[in-house]
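There's a structure below that I have some questions on.
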């Protein structure tokens, strides 16, 4: 049971994080792994949309998200953040892009800063899964067709009709219920006002069942 | 003359029939010699093992329609099913077998006794269990037919746990829940019970099915560790690191003698897949129950499975740990006037809200 | 600091002999050097000469000395018995762990050879030694009487 | 492929919705300036209320139950704010001498664990003998935990005091409580200790200690230390992320238990006032 490290605060990432990091075995050890990933992160910041193997894309995506979120959180005057950015971005002019372009772009973003798609695998060819990794708000045309106007799809039309019918039935039932409740309340009122006479009491008891 | 032509002749046909009859007779004669052998098991899954998850296509529903689907589900299942409690219940006796429950292992925490001793416990959260169906002993058709020597016949109770969104499930799976009136559940489990312990469909089962101080058996799927060597899998000692040992530091060594018995005996401990099997942790004491969140604290940290994995809790079958006081039979219905405490502790347990322990002279 | 005036080599031998840097060697077993913490004559002289006693037997079934165990030590060319009253090993909760492996010399009846223990000893020894006294028939609790401080 | 990506996109949208509602809650909290300030302080004072960040061991219900138990125990005993480097006095009931208590004074050299398993180690030198005791914070046999001197040191762990000269870990058992002025920050003691010559219990030259005076090491040790050093570990952003709890989640936890903690602080303040009133009558 380890204590959480609170010396350096971080923001919650807006993507799902793998519980374990991939090892990417490397002759240089863990540092070699970081060096490998930083090439991808630099390329992502430079080109804004890249196609690569899936495992590396997923891993690099987490680091890119962390870098942007730290940059948003601490800004460019924070020493540790600047050092980290310096380590992760190999082409140094991109550090300016991170703090001056990407930070304003994502400052008020409620979703993740990057987006990842599974890409088709070349056939015949290696069996590796492929992925497309991109920064949100990039200048390229979108990869997927737009499905915003899906109201005219057949099942949506059918569901619309079903909805109308279902609701009308439901509201009718509710109205009936209220009416009956009102009636019941009226009856109770009547009983309360006419409680004094024994005859009426008897009549009410007849009505009740 | 060809053989087929001979067979076509009526006399030959008769002969053939006779021959076949003879052969069948002789076969049955051989079988009758092995009367006591149990019949071959029939491979047939229980009726509730249907395909569970629907293939999900993206339907591009509008937000309104998606909301409408959820509304229908809510209207359909929001009302808890009306259950008629069993009327002629019998008193619990040690020979009766109650149902178990489906639970989730949620972690491990220390507790302290009044003597100042620290014990480690595992927390098991009893999920929203509901009875789905009861199969009487006659109805329940086990895949393997046993010889008729079983005296105490057991019924089978099907429990479901963890309500889920029915739109993700297949129609066949949802139909299993139709008669019970509960919302389709993610997990199903069967429990063999005495016919007296039968419960009507829709009955909820809570953590108070068990009581503090009693013992339970917990069954879970152990963590899968892949293909492992004998040192990790069976706790072998391995061989020395040096002193002329080459290439056999973590190996098992000899696996048997030669000569007449020169073969690998069944059950020899060797490398192989480790874990990913259902295992019991037996005789765990219940120390504490939280009735609000349905959590049990049971002793030990050896409950099989990872944190957040499913486990099944049964009354213990260890003869010396059977409960002395009568249990809630067939389950706890909460009919008494007194509202249960939020936290029920075992007597010897220190409550965190109690004052500091002081060791006094007797 | 006592040994600074001695030749350099003797410092090295002393340190090598006495200070264990790995965890496993914090265990008390045969050949372990111990520190006498009572004021018995033989113990005082042995410590002052820089020849601390060496454990040559642990009286239990594991052969590893725990708190309150009886050990046989070789001290100044003699064999003496002693009780472990403080260990370097990591201990359980609320049981103190010391910077040295401490020993109090006793005779065969459990009577301590010295008259005073000049370091604190753990209170858990009260329970441990009482249990041992009942089990073994020798009165070990006498050494609690000469303790100066409990922690 | 297409379908799965769109589903993924939907899932992200869903998370975003949750986040939005959550962040609006947080904003609502931060408008009350005093609350938000104390929230940021709470994480330093009550570190053990944050759960173990290891993903596979986490479960919200277990964590909640654990926090409730911790609060219940804190209602019975006042566990004050302390750090590694503070000097504490712990009074525990002693099962080995019935009816009596055991008081140990020492410097806190390590804090570890979280939740009900939180522990700390105290060290002192008594009669020229170094003694260390490990205590559990939520042990029901602890009667009193007093902070005699509240301060921090330059390092997170002071295990090197075991190899330092004994005067650095010698403290008077009858020490008086040193009271800090109200509202002041916890002072950091810039003391640099002198280590004894080798051999050591650990290879201190590999640990980048700040609270130790410079010592001489051989060329070989230096080379080896450089070989195993991991200066890039601070750049492994995901590893760091997995060792901590994100701030949003911390705020969630502390806003849940904030009221009870505030109540505990109030009772502590009352007790303190009482104690200071009684003080003149005590004869030293």
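Should a chain be cited, it is by its letter among A, B, C and D, assigned in written order, with residues numbered from 1 in that chain.
Just so it is clear, a contact is a pair of C-beta atoms (placed from the backbone, for glycine too) under 8 Å apart; a residue touches a chain by one contact, two chains touch by 3 or more.
Fair warning: this is a prediction, and the values are worked out from it, not measured in the lab.
Distance from each chain's C-alpha mean to the overall C-alpha mean is smallest for D. Chain centres were defined as the mean of their Cα atoms; on that basis the chain farthest from chain D turns out to be B. Chain geometry summary: the mean Cα position of chain C and that of chain D are 35 Å apart. The centroid of the Cα atoms in chain B and the matching centroid in chain C are 54 Å apart. Remark: chain A and chain C have CA centroids separated by 64 Å (rounded to whole angstrom). Rounded to whole angstrom, the centroid-to-centroid distance between chain B and chain D, based on C-alpha atoms, equals 42 Å. In chain C, the positions touching at least two other chains are 93.
Across the assembly, chain A contributes 147 as residues in contact with two or more other chains. Looking at chain B, residues 118 sit in touch with two or more other chains.
Applying the touch criterion to all chain pairs gives A-B, A-D, B-D, C-D. Within the complex formed with chain D, the chain B residues making contact are 56-58, 106-107, 109-110, 112, 115-116, 118, 123, 125, 290, 293, 295, 306-308, 350-361. Chain A contributes residues 147, 150-151, 153, 155-156, 159-160, 162-163, 166, 170 to its touches with chain B in the complex.
Of all the residues in chain A, the ones that touch chain D in their complex are 1-6, 8-17, 19, 21, 30-31, 34, 62-63, 66-67, 70, 80, 83-84, 87-88, 110-112, 115-120, 144, 147. Residues 1-2, 4-6, 8-9, 11-13, 15-16, 19-20, 23, 43-44, 47-48, 50-57, 111-115, 117-118, 230, 232, 234-250 of chain D are the ones touching chain A in the complex. Residue ranges on chain D touching chain C, taken from their complex, read 92, 94-97, 102, 104, 119, 126-136, 139, 141, 162, 199-201.
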